[in-house]
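Common to both upcoming complexes is chain A, partnered first by chain B, then by chain C.
For the complex of A and B:
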């Protein structure tokens, strides 16, 4: 809900993403802080942030397929992989990034449709199984193809990213590059929600029987949900390829797919805010525990340090379970409650 | 949207109904579920501008008939014609695009969306924005969204839902959700409105409101309305033609008065109540 005193002259203004001056200031401040961050951080933290941005783009895509359209997908990491391999091959032609990224996104979307065609006809467990098959098939197919295609076991080297003729080869460069793509992806993800397409996906999720009778082609929209969700994965894959400079199937595992889902669940699957909060939260916990483990190791307590590393996945798994049991709407819902509380303060009435 | 006529008795049009060209025509529909014959040789003609009630005891096949009309069930044999076109093979969403508006038995709204979003989904086939427009949100997309929001607001005003436009539909009362369901069907800008037990579970006041909305929609848009209803008082009050189903068969068709006096109907249905 909105604070009082906010009035709209047009429905477009009402549909705006940042409806109040306060929201605009807050987002502007956040973007400025992200732009300035490299001045105060070293290569390690910039690398962590870069990785977080890439993860966020992939989770935005998962949010479209799973959150908006209600189609479970445990192959998002494989689709990121498709984008990365596509980028590696495209980079050989010396194409500029603003061609490579959209083409990689489209290629990834197209590949996902191959799997979505059968997947969209089944529900629940069988859908999960079909996407699981996509994840399992990914390395089998890459390794099975002639090595001259996708490099087989060795993988593919990626031609370095250049922007305006200059090579982007430092962590700071990659930080800014992925930040820019993350901002664009964020805008797109929020746009989906207020659009005809987004409403149709949500209609399919809420009640597919009614949606079909009300004129929405349910099958087509389920497939499109995979297509769009995988385009985000493709963009994330492009970033990943340039950051890693070398792509192999090992970077795109079922484990990562499950983590993407976990982040979406912890944050809240129903809004892009959930993707942001989930990715930020899990990354913070991961990094926090990692720091803690390293510190303990340095102090000489080998076993305690090792235990922390082993416990990281248990702790993160516990986060997902707690979210599922106590707040299925995720951190995004908590955030909404908090925000409404602040807007109403000090008068606790609507 | 204007509301020209108040709650009218609505019986005057009945006499003429039989002579007008049918908008929707179902012919010899047969529908079986395993051993159960839900529809046996059912035919139905809905004339322009009429309110056509379908009544019958529980399990008579009323919902099955509506589902065959809207394409959700495929009859094993028989045909459905809409505006002279054979639509028997069309999938439900294509029929909706062709102008068949539908409301459901029970609650079939989209619970996580607001009342206005529910209604906006009804415009799906009138809007053009595709996937890329949705992602980029360029000027034309914005303009389309503005225009259709204004249209949705007309429906919201008509159904007196102004206070609830941003309310999440899952939180609304039964009667209000049914009203949102009707609003969504109106957004299809249908050329016929098909309603399955729109008043079931409503209190008399809500029923009165809905009866008024149904008559107003018919009068304002000049479209026929097909409705399944158990409340005999409402049926006799607002319908021009009544079709009576029993065990999957049509046992009577006529004006409310004719049907009320029909012996087979009294025996099969009214008599047993």
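For the complex of A and C:
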């Protein structure tokens, strides 16, 4: 909701992504702060932020598939893995990153379509089961293929990333690289809501019969939802391959998929703000408990330190459950309520 | 020929264990319309409870007879099921299927965390409940642990089937499996249905754990067996108790055949891929499974 007194004179102004000067200033300030952050932080925090950006790109994709189109996908981590392996293979040919990233995204999208095809026959939970099969089959197939293809148990080494002939090898370089891709992905995710395609996806989610009556090709949009969501995953996979410099199947487990879904649920599945809030919140909880765990381990209490690591799982599960039971619209809704309250202050109601 | 028969026999016996775990999955769905992805974790919790009351108490200097340990485990399973009903699924009654599905995923993560926290991640021996060794039938060998398990599975299937189709309470559960809101409007208690579902599901999963693990090693990784039971439950039909052991035997045979004849050629992939290939095929061709209710929403 917009504050009082904001009037638009043209349609294009009203349909804009950032409608008010205040919103533009806020986003510019956020981007500047993110650009300046490496000046004030060390390698560890930059690494955490890089990881967070990668996760955010993957969760944006999940937001498209699950939040906008309403198709459950519990294989996002496997799709990130497909993108990472594609990047590892492509980087061997010495291709520049601006070709590798889109190709990896397209490959990932194509793989996801295979598992979205059952949408022609079933929906809801049964469709979720095919993505579950995708997640379980991913390591089995990668490990089963000849070692010369995808590295098998050992994994694949990734050629280091070069931008304009210069190698990007420090944490700060990777921070800026993933930040740039995250900004592009954010633009894509927010913009999708304003497009014809995005509105069609939401119509399919809310009522697929009504959507069909309105002339939307439901099956095509369900499959496209998987395709687009997995393209985000492919981009995330590319980043992850270059950051880790080595890809193995062990990085892309069912549990990571569950974490992605958990972040989306906690943040709120229906808006891209939810993806940002969810990723930030869960990463904060995870890192906080991780810090606590290492601090306790250093102080000598071995058993309590191990318990803290187990507690991370409990905390994540509890976060998802609490969000489902008490605030199904997620942190994004709380954020909206808070923002509206501040804009209307000192009046309680509109 | 003998090898083929032996492979088939092993397949059926292992498949019936899958069937037993699939029954624990089906029981929960059949009584409460909850698809529980966390069934593997429930099985591990049941197994660890049983370990606590047998070897755990023994190590603490309080050995109890096996029957008492079984009763204690049963009581703990009941408490566990009631806890899940009260704090996880009761607040979600009437919520969309997506919320309940996500709750089961949250439960998967949480139960793994709790198991790690309470029992730690170390592997431990599981008590020997069923006899080890093998029974010889002519030239064929039958693991006695699995043979007893198979007989138990068949008996349990018949018992549960009678409960769900003949008893008044069992028939009420069918209404809940159809639709929560309809069941509520007809005066059927969804709360008690979910409680019964989880108590039964936990107990059956624990039985599965005893058959599967007796005299072997238990670790948190055992939970992956739950993912193998999912294709079995789907092939048999999510609402069909009698379908689960049959589908288990079918998938067990398929897996054993793939393991014996295809794995040497495919680097060990075939037998692992098979259950999930079957799962995708079932979703594509006959989503209600072999004996499920015909109610799948289509486009």
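We take it that the second predicted complex is superposed on the first by the 348 of 350 C-alpha atoms of A that agree within 3 Å, B and C clash if a C-alpha of one lies under 4 Å from a C-alpha of the other, contacts with A are read in each partner's own complex, and residues count from 1 in each chain.
Throughout what follows, a contact is a pair of C-beta atoms (placed from the backbone, for glycine too) under 8 Å apart; a residue touches a chain by one contact, two chains touch by 3 or more.
These figures come from a predicted structure and were not determined experimentally.
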Fit or clash - chain C, chain B, common chain A: fit
Which superposed partner A:129 touches (first chain B, second chain C, both, neither): second
Partner chain in contact with A:227 - chain B first, chain C second, else both or neither: first
Partner chain in contact with A:270 - chain B first, chain C second, else both or neither: first
Partner chain(s) touched by A:335 [first = chain B, second = chain C, both, neither]: neither
Partner chain in contact with A:218 - chain B first, chain C second, else both or neither: both
Partner touching more residues of chain A, whether chain B or chain C: C
Chain B versus chain C as contact partner of A:203, first or second or both or neither: first
Which of chain B and chain C A:72 touches, first, second, both or neither: second
Closest approach of chain C to chain B (Cα atoms, Å): 10
Footprint overlap on chain A, comparing chain B with chain C: 218
Interface residues, chain A side, partner chain C - complex: 70, 72, 74, 118-130, 132-133, 136-137, 140-141, 143-144, 146, 208, 218-219, 255, 258, 261-262, 265, 303, 306-307, 309-318, 320-321, 324-325, 328
Contacting residues of chain A [partner chain B, same complex]: 1, 10-12, 14-15, 187-188, 191-192, 194-200, 202-203, 205-207, 209-218, 224, 227-228, 270
Residue numbers on chain C that touch chain A, as the complex places them: 35, 37, 88, 91-92, 95, 97-99, 101-103, 105-114, 116-117, 120-121, 227, 230, 234, 266-269, 272-273, 276, 279-280, 283-284, 287, 296-299
Contact footprint of chain A on chain B as seen in their complex: 70-72, 91-93, 96-97, 102, 104, 108-113, 117, 120-125, 127, 129-131, 133-137, 141-146, 149-150, 153, 166, 184-185, 188
